[in-house]
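The structures considered in this document are given below.
In the two complexes below, subunit A is the common chain; its partner is subunit B in one and subunit C in the other.
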Partner chain A sequence: MNKTKVTKKTGKKILRFGVLVVLIVLLYVLGLAGLFSTNAMRILLNIALYVTLGTMWNLMSGFTGMTSLGQQAFIGIAGYTLCVITSTYNLPFWIGIVLGGLFSAILALLMSMVLFRMRGMYFAIATWVTAEALKTFFTSWKFVKMGAGMSVKARPYPGVSLIYVIALSLSIIAILVVYSLLKSKTGLGLNAMRDDADAASSVGVNIFRSRLLCFVVSGFFTGIAGAIFYLNRGSIFPSGGFGTEWTVAIVFIVIIGGIGTIEGPILGAIIYVALSEYLSKYPGYSMIILGFIAIVVIVALPYGIAGTIERKLNLTVFSTRRTLEG
Partner chain B sequence: MKRKLHQRLAVLAILACLVLISACGSGGTDPSVSSSAAVDQEECILVGRVVPITGPLASFGSGTPFVEQQAIDYINDVLGGIYMSDLGRKLPIRLVHADSESSLTKASEAAVRLIQEEFIDIMVVSNTADTVCPVSTVCERYGIPCISVDAPADVWLAGGPYTYSFHAFFNTENELNCFMDAWDQLASNKQVGLVAPDDLEGLEIATRLPEMAIGRGYNVVDPGRFAVGAKNYGQLIRQLKGSGCQIIAGVMNAPDFAVFWRQCAELNYQPKISTIAKANLFAEDVAALGRLGDGLITEVWWAPDFPGISSLTGWNGKELADKYQVATNLENVPATIGYKHANIELLYDILSRAASVEAEKVVAAIRETELETLVGLIRFDAQNICIMPCLTGQWSVTDDGRAELKIVANTQKPDVTVNGPVRRHFPSASTLSGD
Partner chain C sequence: MAQQLINGILLGGVYALVGVGMTMIFGIVQLTNLAHGEFIILAAYLSSVISVGLGLSPLLTLIITVPLMFVIGYILQNVLINKLMERGSEPALLVTFGLSIIIQNALLLIFSADANRLIVSFQALSIPLGGMGRIPVLNLVVCLIGIATLFVLNLFLKKTYIGRSIRATSDDKVAAALMGVNVKQTYGIAMGLALATAAIAGTMVGMIYPFYPSTGSGYLIIAFGVVVIGGMGSITGTLVAGFIFGLAQVLGGSNYGLLIGYLVLIVMLAVRPQGLFAK
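The block that comes next holds the complex of A and B.
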């Protein structure tokens, strides 16, 4: 009886992963073969980037309990790094992307020295203030042309299909990194820390090291995603790169999709991009409707769409739950 | 039980939301598509236009798409379209516009959408650096020719160098010179207070004003930059007042200036001359300030009575203004519509010479442009810009609350009539010490 149950469970798991692999292969093949229209590619590219951004914010807020409202700091830094590398130093764009991620990780490291003394809302506000301070600094920094913004000068400029493939790969890597992290011993500590940091600390979880790891990983991937976004856009301005709109979008994605689940940011990103595309025809109303949807979902589905599906139907692809065996 | 009720309420709310979205969708034609629906997308030249229809720059967007569409209708209906050499026949033009929501980021997104979703052949854009600069850089990224007007030329140039984008408008130097023409007309202590936010135009003015003002014998007090959308200017005003600035100069959005100017009155700070760019361009914005709007100085780049004939329709400024007033039923004719019309004049001239929508051919045609338009002669230099003149205007608010603009200096365009000298602001109010 038990053996049949286990076989059924394993079968379901294999089926889910099989479907997922087929889907990923299809996304790559169709993109590389040029079977998507440029518009479809633009939408999928945005989804892939928001999946990465949402996954990284989820790692911090959903799995570790560090709610950041300043993810735009990493996006802006990486976007500007890409522009400086390609425009000022005439180097290839991929160096700009990698350095963008590295500088974002270094920024996370520097921020952690001060910000990790704070918790909860104080931490959230401090991250937001840091991003705002960076926006002000970049607006008056001559090296980056102050508020006039900078352009990406890649030669030759990569096509949308190549940028799409890079973004898709990044989102897959980001999900795998977070999944592996949460399945590891460190992940167990992170969950314990989210539920009660003091209790976790008393049983041997190194709070500072765990938080630092998440913050730096999140900063790195968020930065890379930001650099890819601006590679596709072609230019960056301080008000956009360090804009609070980024955090609004990321929080919406994770809350709607399901905070504390791997699938949540994926579902959230698809919904957010689809809604943004549709509502772009109705400027002025778009943010009202997005806000309204967020409130409704928070009230009705406090665990988000993925969280509710997991609880009601026991359906999950990337389960990070741990069960006692024996 | 309670939970089930919550869920039902949520379902109802989602349904309401969907109905709301559908209602928006059924509200007539797609708002981004021009009203000239008779033109088939397959058989036309697609022209993109990003415009601030909502947000703090909405006054600039007023008149779009009417003015552009009016000129395009003339091209399609009277001239029969534009000849395309590879097809051997004329094609009509179709305008597709998108709202920038007065945001740099949204302007970029709108431009990308027009390029990748609508597959536009060419972009025309105007209405402040916050709209023009991001759209031009997106066009550079995708290799789409872009013709822009109505943003200080040097601010636009800072985002370059450009290959596919070209721009015609006054530069910050011309703008500040027209303000200084007003300063020179009134006796003052020559102390100028700089009022500039940390946006594209604010930073450019903050860089240029001190050197230019010193050159004309004025001293500039710079209290530093402030954020766009700030709600409290108390500290800034106290600094200007404390420094005895009888003149203020800078740049602000109209809604921000309204807040700033009311706080100046509340704090009893009454400079003799206010020369704030971008803030006092539109009669409605000035009239909304009531008596506080009387005497404000503004840059003027076009008015219906300016000399100039449209190369496309043969209309003069008055004829264009009359058509605008009849169609919109609006009393005031904004300065923006002259350049909006000129943008389509340029479009027609360039595409007619290129006889193609291939980017390289269009760019080559733009480089050879030499067109006498409704707003003056347009000829692009090696940096893809054409510097246009700028005049000095002063608002009078009548007893019945209407705002009227008078030209008080014409140094850069002497063929425009001057209506009188600069009046002092707040003529009946107390003045700063040191008068």
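The block that comes next holds the complex of A and C.
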């Protein structure tokens, strides 16, 4: 390999890394210094949460080939855990968030025992049915006040800037976890598995273990993001916490942004939150328009925005592709 | 108990009808149509509009809604889904997901979230069975229409040229194409037929239950249940699965009925995903 070419490439990498670090530091500093308006903070907070949710769905569907339509199962479980911990047991909210993530991870573990026997569409259906079953169960479970919903109790209630910082940190950790997971040996196996599960299995990729790892990681982070969302929202109902709307949003974000890329969910989350903010002026039409956009993108841009840029301009910030020079 | 069994069995006929369109598309086109529930509710609303507008009985609106839904299905398959299927099953799956969101929210916009219901003259009639309970006439009619639809569909697939070409495509698409079957055209007809059964199902469920724009996903899950329990593409299996699902739901009562249905579905998916009556 030509030496100057290598240094040029490394230089470009360092530049991109630098820009990224500056951006992240700015997002923290501006948030903590109170330079964002409450509204701006709320929007950025939502973007950060959707980045996490999208990244975790992408880990499953885009990199592992397990399309889940039931991520709301984790969001609802974690949201309810937060409410039960803070209002039934009067414990601090951060315990609720952590336990919410843990319960989601445990749910993922339990689901995997049944769901991992299925492939493709069956898996997608089963995740969705699980979420619907949980919604029905929570609607008639007395302990969580049935359909009446529950609220988060915290004294003093965390302000939006604190929740924003937590959400921002979560999204950065989520991206780093997925990125390093994909860069690891397990990641190579995951990609092989997505492209051809039988071939991957025959050359020694432990499909079950790799899938389980992704599913549990995805469940954990999706749960944490859900708990933070409901910490900001203040109350949860079975219809919302386990609502199909979550999957709609997540699928939209990853498809628009670009499935199977790290940048995709980030771009998609920004577009989704911006669009829903703009479309909130037209209640009723927003979901219809989002649905149309999603269909047009699936038909016209099969790789999403990030995927198309990557293919046309060969530009990536986080490349998970393996090249000879490393 | 006897009454519950009667209700469960009568419900089974409708559930089989709800699932049959889904099972056809699953078996023939190899597509999971996530908008199937929304198409059923769309048909129920069409039926309601036509029945109110023209002063017809909801049953007679089928003369209009069935061909209309057939055309919608045929166009949808030919314009959108056939092209996407060339890229694998996932893009098409996600497009039907998008369609379900669009239909659901469009219905919400036009008809609001209020409950709607199709009213027929024999609404409250029932046949007494001595000490064994009563057979509600409405549910009986609806169940019989469901079974009759499945019977006709089965006959169509077995006896006609188009039906045979649909089955041939479902068994081996390449071989069927080599024998002169236009595969894409066949898929279009299959989707049209599936939506035609959705039209009948929509009118039937609209007569026995109230419906809202958001009830579609509930029927989609029932359709899934029927598909999974009955096996892909098997019409006999669909009928038996409809009865199993209907009974499970009625015996569980209003609180746990749906939950029992879901559990049956998940257990079936895990233990025997090819269905009880797979080929």
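We adopt the following convention: the second predicted complex is superposed on the first by the 323 of 326 C-alpha atoms of A that agree within 3 Å, B and C clash if a C-alpha of one lies under 4 Å from a C-alpha of the other, contacts with A are read in each partner's own complex, and residues count from 1 in each chain.
The definition used in the following text is that a residue touches a chain if its C-beta (ideal position, glycine included) is under 8 Å from a C-beta of that chain, and two chains touch if they have at least 3 such contacts.
Small disclaimer: the values here were computed from a predicted structure and weren't measured.
Superposition note: with subunit A as the common reference, subunit B and subunit C are in steric clash.
In the superposition on chain A, A:91 makes contact with neither subunit B nor subunit C. Contacts of A:177 after superposition: neither subunit B nor subunit C is touched. Using the contact criterion defined above for the overlaid structures, shared-chain residue A:24 touches neither subunit B nor subunit C, since it reaches no partner.
By the touch criterion defined above, A:279 reaches subunit B but does not reach subunit C. Of the two partner chains placed by superposition, A:162 touches none, neither subunit B nor subunit C. Of the two partner chains placed by superposition, A:213 touches none, neither subunit B nor subunit C.
In the superposed model, A:102 lies in contact with neither subunit B nor subunit C.
By the touch criterion stated above, A:126 is placed in contact with subunit C alone, subunit B being left untouched. In the overlay built on the shared chain, the residue A:152 is in contact with subunit B alone; subunit C does not reach it. After superposition on chain A, the subunit B segment that clashes with subunit C is 255-263; the remaining candidates among 111-119, 255-263 or 345-353 show no clashing C-alpha atoms. Overlaid on A, the two complexes show subunit B and subunit C touching the same residues of subunit A, namely 136, 140, 284-285, 292, 299. By the touch criterion stated above, subunit C contacts subunit A in their complex at residues 32, 34, 80, 83-84, 87, 89-91, 93-95, 97-99, 101-102, 104-106, 108-109, 217, 221, 224, 228, 255-256, 258-259, 262-263, 265-267, 269-270, 273. Interface residues of subunit A facing subunit C in the complex, by the touch rule stated above, are 67, 69, 114-115, 117-118, 120-122, 124-126, 128-130, 132-133, 136-137, 140, 244, 248, 251, 255, 284-285, 287-288, 290-292, 294-295, 298-299, 302. Interface residues of subunit B, counted against subunit A in their complex, comprise 6-7, 9-11, 13-14, 17, 20-21, 24-25, 30-32, 53-54, 98-99, 101, 103-106, 108-110, 112-113, 116-117, 133-134, 137-138, 140-142, 155, 158-159, 198-200, 202-204, 225, 227-228. Against subunit B, in their complex, subunit A makes its touches with residues 38-39, 42, 136, 139-140, 145-152, 157, 160, 233-235, 237, 239-240, 243, 245, 278-285, 289, 292-293, 296-297, 299-301.
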